[in-house]
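Letters A, B, C and D mark the chains in the order given here, with residues in each chain numbered from 1 onward.
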Amino acid sequence: MVNRAFLSDRTRQDFPILHQSVNGHPLVYLDNAASTQRPGCVIEEISRYYREDHANVHRGLHALSTRATQLYEAARTRVARFLNAAQPASIVFTRGTTESINLVAASWVTARLRPGEVILTTEMEHHANLIPWQIAAQRTGAQLKFLPVTGEDGAGVDWDRLERLLDELPVRFLAFTHISNSLGCVNPIARICQAAKKVGVITLVDAAQSAGHSPLDVQAIDCDFLAFSGHKCCGPTGIGVLYGKSHLLEQMEPYQVGGEMISSVTYERAEWKPAPHRFEAGTPHIAGAIGLAKALDYLDRLGRPAIESNDHLLGRLAYERLRELPGIRILGPRQDRAGIVSFQLGRIHAHDLVAYADQFGVALRGGHHCTQPLMRKLGLSASARASFYFYNTTEEIDRLLNTLRSAADYFGA
Amino acid sequence: MVNRAFLSDRTRQDFPILHQSVNGHPLVYLDNAASTQRPGCVIEEISRYYREDHANVHRGLHALSTRATQLYEAARTRVARFLNAAQPASIVFTRGTTESINLVAASWVTARLRPGEVILTTEMEHHANLIPWQIAAQRTGAQLKFLPVTGEDGAGVDWDRLERLLDELPVRFLAFTHISNSLGCVNPIARICQAAKKVGVITLVDAAQSAGHSPLDVQAIDCDFLAFSGHKCCGPTGIGVLYGKSHLLEQMEPYQVGGEMISSVTYERAEWKPAPHRFEAGTPHIAGAIGLAKALDYLDRLGRPAIESNDHLLGRLAYERLRELPGIRILGPRQDRAGIVSFQLGRIHAHDLVAYADQFGVALRGGHHCTQPLMRKLGLSASARASFYFYNTTEEIDRLLNTLRSAADYFGA
Amino acid sequence: MELDELYQSMILDHARRPRNFGELAPPAVRSEGYNPACGDQITLYVRKGQNDTIEELRFTGQACAICMASASLMTVQIKGKPVREALRLEREFIRSLTGPDDLGPALGNLRALAGVKRFPQRLKCATLSWHALEEALNQPAGPSEGGGPQG
Amino acid sequence: MELDELYQSMILDHARRPRNFGELAPPAVRSEGYNPACGDQITLYVRKGQNDTIEELRFTGQACAICMASASLMTVQIKGKPVREALRLEREFIRSLTGPDDLGPALGNLRALAGVKRFPQRLKCATLSWHALEEALNQPAGPSEGGGPQG
């Protein structure tokens, strides 16, 4: 491990925000699961777009509008390539993972499920991949069922139970996360989607934590829907993606309605454009899509396989080092973990720990990480979380450990 | 008029995009009703935020997250001040006008209207302020009724008829635009909202074309809801605003669900935060809100009364000059018009005209301007539109006129 | 000027004086082409003759110069031709407008539309009438007027 | 270090060894304070005595040091005090934490929480138990245990 070149050597200088002091210490940004940072080239592309090319898209025939439209649609093509989608028309731009999932909940699940049918998900989901299904179940009379998280510290879901469950229950829809944002475990998405497909169950993958971290090939995975957020993979805020198989998108009613998504309108009624435009009512976040395309270029230059192993290496290193601390409880599996490590240190409340770490420039997250029911199940009201991206260094893990040690002294844990 | 100092003298240099050539001619950007341009200070603020302060909001206790949250919530307060809203909690950040209206259509209108009750709107509405009501009417059994646009060329709505209509029909909800994006007429919003309030009708003002163009005081207007888009008033793409009276927002169910908007969650059900957070599920467009706040600072430094008279002056000048062209038909009223002028030149199709103008660097819009039914009513399949903002000059109106004259020759109109 | 490539004199001429402009009564088949984004609207009337030829062909509509000229040129080009030949021409026309190749001599006067290649936003205008043609040719013939056997 | 302002030794002490920690049986009134954003959770038990005094007061919960210490300090400060006096103290405490003024001498040991003023994100932690107190004081007394008349 010592001789291995970490990606941080090559990338750290690309991220302006990382080179600052916080409370008199160099910033150690370990809150990447909440939001990553952006390289200068993405920030510059957003500025460049506004300085040179901005106009509204789709509706215009003048030069700026043509340029803006071309850039916006090229961004769609770029995202399709990023996911290896069969066609750009499978890519809908949204605000983020949350909106992508809400869209599917409204336009597919709520429109199609019948009383008694089952929406299946897991106990480790982010609120964004839980509450939309609660509402869809309420509205349709469908039941929401959970694949349990096993292990005292939340090792993950026992996916071997999936096939039997799919056989036993009238499951129509299966939604699950690729990488858990609080446990750090990695779910075998291709295997899961295959099992679901065999019995005609429609699948949605929450890729908020994996897009930009791992290779993603929607055709190989064979999921029906997949959602992610730009701000979690070096892109701008306010932009996200819903991938959907084209034949599904074409069957779905629009989610929001207004300009840009209609083919013809009378005072009484409207007809919709084909997907993806049907799902993009109103002026879209043009600069966001263009900035996201630039971010994906950046990531693919680094290479997602390289990012993935770098993530896993940092995650593993942090896990093993943290285990040395007296009184620590680390959530999630020991093996096969992504660059996300949640923990509880002795009796120190996560809030105190995070506030303490911040005084030493170390940015952690503390709380339920938008997985309240999971935390409750694990007997925690909150936990602290360190999450890594390719620009993080092993020295930063040292800084983290030193800070946690001195926190334990300080709070007398 | 000759001696009057136009705002362009003071502002034009602030807009980097305007200083470019298009097809060998200096750009004349007259497509502001579709989207305005941004001053350098807004572009720079977005960059600065990403370079210095970005992290996810609300959930974090570390320095970056605290800064990002403070900037984001300060942006909300800034918008509240911009609209003179009684409190920041009345301001919901959305993607734009379209989403704001969809939110109200789902969470207020569809949730409350009964069969036979009336949603009232006008014949001049943008699709964004029409199709959501069509859908809401279909879902609830309510009726959608229209205040007619009068005059051969669409002078506007005869608002004197409003009170009688409100008396005669079981109206529950009234949605209308402040400034029409295709007719350029200005509706008397305070008077309209007052009349509606007297009979307990809830009002929504589509301020997409007026925010950033005219002073707006939601307490004086006394509207219940008001919507606008950042990209139409010097702000970033992907950000918009819904203003709602707090007692209404508090009664409404959420629109999208997920993280950040809940107070507590079990596997079975969730409880919501109070407004406005209840309506902001997921990671918001943080950079968008912060950039919008900067744009509003810029606008208020110029002064909205000054922008309004500048707009009206340019609109009037363009109208009077265009009238000199043989065979021209100009839509909208002659008096009291904003800086938006739609027209048909002889038999030249709007597309040809716009493509022609583009070859001379003049950016116009051609089409139905997202008001298909209105265009049909006026007997047009499309029209050309020149729309102005404070950075436009009288010389640009000269350029427009010269271009239209030579187009008439070219196409033999 | 680049614009002259788009609006060649033949285009402007056909736009101003569209050929075969007008309606045809049933049993001619009628089909609509509409591009809501810009408001181009074309109605096409097609009457097939013996041996599957396009015997008569007319159109009406309101549209931009590119769309009008394209419709007008199309009617001139394919009137009297076999259906198969018309469809082959359509494919060739659309393929050359969207692909790397130039518009070949087989396209005849349609080559006046070559400028569209440099104005991709006008592609839909140039092809609208052709899509309407394809739709018309796929329809069964309408009921004949005035006493033909209804069936 | 700035942090020491937030975590004064009195805070750390009360967080580690909270005073008046535990439950009270009915007829003591019980109320919950919960901050879902961070997971702070406090249960407060209040028994009023004669003349509207707060006779007995205890709490349980899982929360951060600021929240625990604030609850502990609160119980020490107001036990035995008249309800009116407790509510006055609450107002004074919240006002000084959120306003420009320093925490005055009337607040006694609560002044150890002054550091919260520089950490506004911790305001909710510091005030959670006080909101629970207000709620408890607004409740009617619960049914007394073991044979009291049921009302």
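Basically, a contact is a pair of C-beta atoms (placed from the backbone, for glycine too) under 8 Å apart; a residue touches a chain by one contact, two chains touch by 3 or more.
Just so we're clear, the structure is a prediction, and the values are computed from it rather than from any experiment.
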item: If a chain touches subunit B and subunit C alike, it appears here; value: A
item: Chain pair with more C-beta contacts, A-D versus B-D; value: A-D
item: Averaged-CA centre spacing for the pair subunit D and subunit C, given as whole angstrom; value: 81
item: Where subunit A and subunit B are represented by their mean Cα positions, the distance between them in whole Å; value: 32
item: Subunit B-subunit D separation of Cα centroids, rounded to whole Å; value: 48
item: Centroid spacing, where centroids are CA-atom means, of subunit A and subunit D in whole angstrom; value: 39
item: Residues of subunit A engaged with two or more neighbouring chains; value: 23, 59, 61, 262, 264-265, 351, 355, 366-367, 372
item: For subunit D, residues contacting two or more additional chains; value: 36-37, 122
item: Complex interface listing, subunit B residues touching subunit C; value: 23, 349-352, 355-356, 359, 366-368, 372, 375, 380-382, 410-412
item: List of subunit C residues in touch with subunit B within their complex; value: 1-3, 6-7, 12, 15-16, 36-41, 62-68, 119, 122, 125
item: Subunit D-facing residues of subunit B, complex; value: 58-59, 61, 66, 69, 262-265
item: For the subunit D and subunit B complex, residues of the former touching the latter; value: 34, 36-37, 121-122
item: For the subunit B and subunit A complex, residues of the former touching the latter; value: 16-17, 20, 22-23, 27, 29, 31, 34-35, 37-38, 40, 42-44, 46-47, 50-56, 59-65, 95-99, 101-102, 123, 126-128, 130-132, 134-135, 144, 146, 229, 231, 236-239, 256-260, 262, 264-270, 281-288, 351, 354-355, 357-358, 362-367, 369-370, 372-373, 376
